[in-house]
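One chain, chain A, links the two complexes that follow: it is found with chain B in the first and with chain C in the second.
For the complex of A and B:
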């Protein structure tokens, strides 16, 4: 039997699937950005919403994916397809090296530490370390995806690639939620002492969340760099990390629809209200404050109780 | 190897100068129901926290089947088969009853690292088996009707049952109960007593802290009495009950309470 959430999800997927047929290229670009940022926000949600780790440096992983593709393509001439695997694996590796020493820190301390990593990351990019990152201007002239002599270079191609990436991400998160790993993250989030006492290795599962989140963010970064055929440091600064963090909390921690709504509000609405210029950010600031006061668990809060049907027999 | 499952030997635990546990020793036999009693603040919960790895005692040994486990991580202790409940209930209160109990299956689940992302046939089998076990436990503890209810929405008595079900889901060898009857009414306490007997009959060794003397005396085969972190008496219920030192400690502690 289909529940309401799955129906909404399918309706949304169908809508997103046909979206390119109805809009001009400007809106198509907005749509693509939404898809890419939704993937990043979902990957932030694995760390923040599920494992409950106050991580405010997610733009690092997003940026690592983008720069990996950019550097390998622009500096070393690798085809985009060949950069995909490294764009996922390098953020995962960096996540492990960067987070393993600080994973035991309490929420607020860890938050500051992750912001520190983000600041260092931007410094490294701007200082053109090893002459690879292109300094403050970044890198441009990134190729498009080519396969069997075809060029996937149009906006529509970009859109559908991002669409597939979002679909894959949602699938992974669904699998995660239905596994021992996703549940362990929730248990740690809700009560770390109780989780430990049930035999859950807190460190392992927090790192698992980080590494998985970093890999997905890296994939989104790779796609982002191809979409704009350029990368530059300011797209991956602390402000961006704050945005991803905020999306999760405003939309609803650990709630897939919540995070998608959050992404829509933070990235698509600003596009729709362009004529209001900067005044729109005032509205968003107020909206963020109001959400936290009125709906502290987010616009669409997570609902637990996702258990096999045979266990619901006795429920009255 | 000794016939004792758990041996606590000359354990001391300090909190900034306060001696919470003072040179405490005790031995728990396999299959026993072992009681720990003592006035408020005696150090009973601290002892359980030392056994389960939440605290590391400064002095002494905690031997599990002859091996020192002092200072091990709590999750390592749980993996050994030592599971507990908490004096102040610690459930995952936003999550459903079934999901709470499922946390006890964590150490029994055989899912591999990649099953967090990709399901495999072995994953489906494992997942199903664990949920079935959760179903059995919900039946045993009369919780089936609350399967999807958030644990935090339920009454105190029911929450205590969920906590026990969760610990039991891990198929422990030693079950540690910190005041399981606290906050229960008379009927619930009676039911709990029967439940604990059934758990013992499954072959689980039980250690419990309890203030309900009637329950302790009827259930426990052996009792250690603690006051100010130190053992003041031990023995079978009938002995401990009439030990003048124990009676003195309880009366004395009442007076202390009045002074405050």
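For the complex of A and C:
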């Protein structure tokens, strides 16, 4: 079935695929970072938009992925490829340990607790625990991806690796929507108590969403550290978490195009207006307020109203 | 023992500042179920307003009691006005919207206030005038107490006790409690909910303004982005005491101040915030409604 949305999606995909051919290296770097941030924003959306867990500390998992790759490569000399699996698994494990005791709390408490985790994470990085994290300066000199004697070291290589990662993430999210998980999430989001009475294990699915989101963010973090060949604490602070949080809500939570638009607005637009350095965030704040007043459900909200997509199948 | 008593005095001082800010959070949360993320930036803003009010009215002249009171009253009035404006422009249109939309709006409002301060007063640290209070120092049995500390403890105690009686003894206070329990029922009883919310923002912002001025006089150096950390600590204090609970916010503030002072005095300054949040998470796991219990009615 070809509708307007999928046509736009295909056009966008083709455009993104050929993007490196038209632009200079500065914009190519912006494009790569856009792809990486889009992956992080989508993983935040799994937690915040789909599972409805108020979560404002996503930079922790993004940072854990980045630091796992950096520490294993710089301190222990492992090749980048070998760090990919731990860069996904460690954020997942940390997410489980962190969130399992508090997942049942009400939204606002979770919001503050997750901000707290982010602040603790930054202090751990800055205080150079076990001499691994490099303190406030971070770690640098991270290697490039090498496979069978080839070096994937150019900006274009990085761009396409991030592009593949985004594709994988979108695939995962599409499959999620059509699975038991997606249906459970939909009910939990609509009415948590009703879902619980229907026999849906709310705690299990919320944790599932959290751990999955953490793993995807970790993969993006690993890519981020290789792209800049350095990591430092300020790239993963609370401000960054607030940005991912805002991306999802400004774009439209639980909406794939919404989150991508959100990433574009919150990350790429500020890059375009770099000349107005000083007044930039003032305008930004006003834009955040206006967007929420004019479109409280985000710029591109999910459209299916009260009937989920999987039930509408075959009705037409 | 000397360190203990000294840190106790310091902790109570910081704690009463946290308590003043926490009251702003807890009152807004109690009535609107909204974490007012802009409140911390409003506190920072008031320190800068105080700086300008002082410079405009008194220049570098010698200080008097009248002058100090004028600075406090003027600043509180200006900040209360900004607080009301904030509610009108950023929160009122979103009262029926999904709750997280209001959170994003609050984050945006915080960004606007913070960057306005930066554009008006510049990005560098400003030094607060030192002659607002006399620089008298008392030494009692090895511990040092400054005049500013006594003022902070005294004024904030008076304000907190005053607020407690205002909420529990007056007609407006009763209306505030009614709106916090059930807005619709309060409306049916003839309470003007919009007016109550306005009063909440006036009180909360004015208390925040007093805290902001005290932060200026106590720490001297003020920066445009200092509001975030005070705001977060104060909100943590509000949760510890039980969100929506006014005596809880006061208790939470004082306890958090003492806890912070003991951690920085005995263990480490580098890990102070980590300890704060470990304590918060511990309290949330063991007693999710805070020490005194929240007064927020959970609607199912």
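Going forward, the second predicted complex is superposed on the first by the 304 of 316 C-alpha atoms of A that agree within 3 Å, B and C clash if a C-alpha of one lies under 4 Å from a C-alpha of the other, contacts with A are read in each partner's own complex, and residues count from 1 in each chain.
Everything below uses one rule, namely that contacts are C-beta pairs under 8 Å (C-beta built on N, C-alpha and C of every residue); 3 or more make two chains touch, one makes a residue touch a chain.
On a predicted model such as this, the values are computed, not experimentally measured, just so you know.
J.: Report for A:193: first if it touches chain B alone, second if chain C alone, otherwise both or neither.
T.: A:193 sits against chain B and chain C alike.
J.: Looking at the overlay, what does A:201 touch: chain B (first), chain C (second), both, or neither?
T.: First partner only, chain B.
J.: Applying the document's definition of touch, where does A:27 land relative to chain B and chain C: first, second, both, or neither?
T.: Once the two structures are laid over each other on A, A:27 reaches no partner at all.
J.: Answer with first, second, both or neither: which of chain B and chain C does A:273 touch in the superposed model?
T.: neither
J.: Would you sort A:105 into first (chain B), second (chain C), both or neither based on which partner it touches?
T.: second
J.: Hey, what residues of chain A end up touching chain B and chain C alike?
T.: Comparing the two interfaces on chain A, one with chain B and one with chain C, the shared residues are 193.
J.: Once bound in the complex, which stretches of chain B touch chain A?
T.: Answer in residue numbers: 52-54, 73-75, 78-79, 83-84, 86, 90-96, 98-99, 102-104, 106-107, 109, 111, 113, 115-119, 123, 127-128, 131, 134-135, 138, 144-150, 166-167, 170.
J.: Which residues of chain A touch chain B in the complex?
T.: 172, 175-176, 178-184, 186-187, 190-191, 193-202, 208, 212, 304-308, 310-316
J.: For a test of understanding, state which residues of chain C touch chain A in their complex under the given definition.
T.: 29, 33, 35, 89-90, 93-94, 97-105, 107-112, 114-116, 118-119, 232, 235-236, 239, 243, 270-271, 273-274, 276-278, 280-281, 284-285, 288, 300
J.: Which residues, counting only chain A, touch chain C once they are in their complex?
T.: It comes out as residues 48, 54, 101-102, 105-109, 111-113, 115-117, 119-120, 123-124, 126-127, 193, 242, 245-246, 249-250, 253, 278-279, 281-282, 284-289, 291-293, 296-297.
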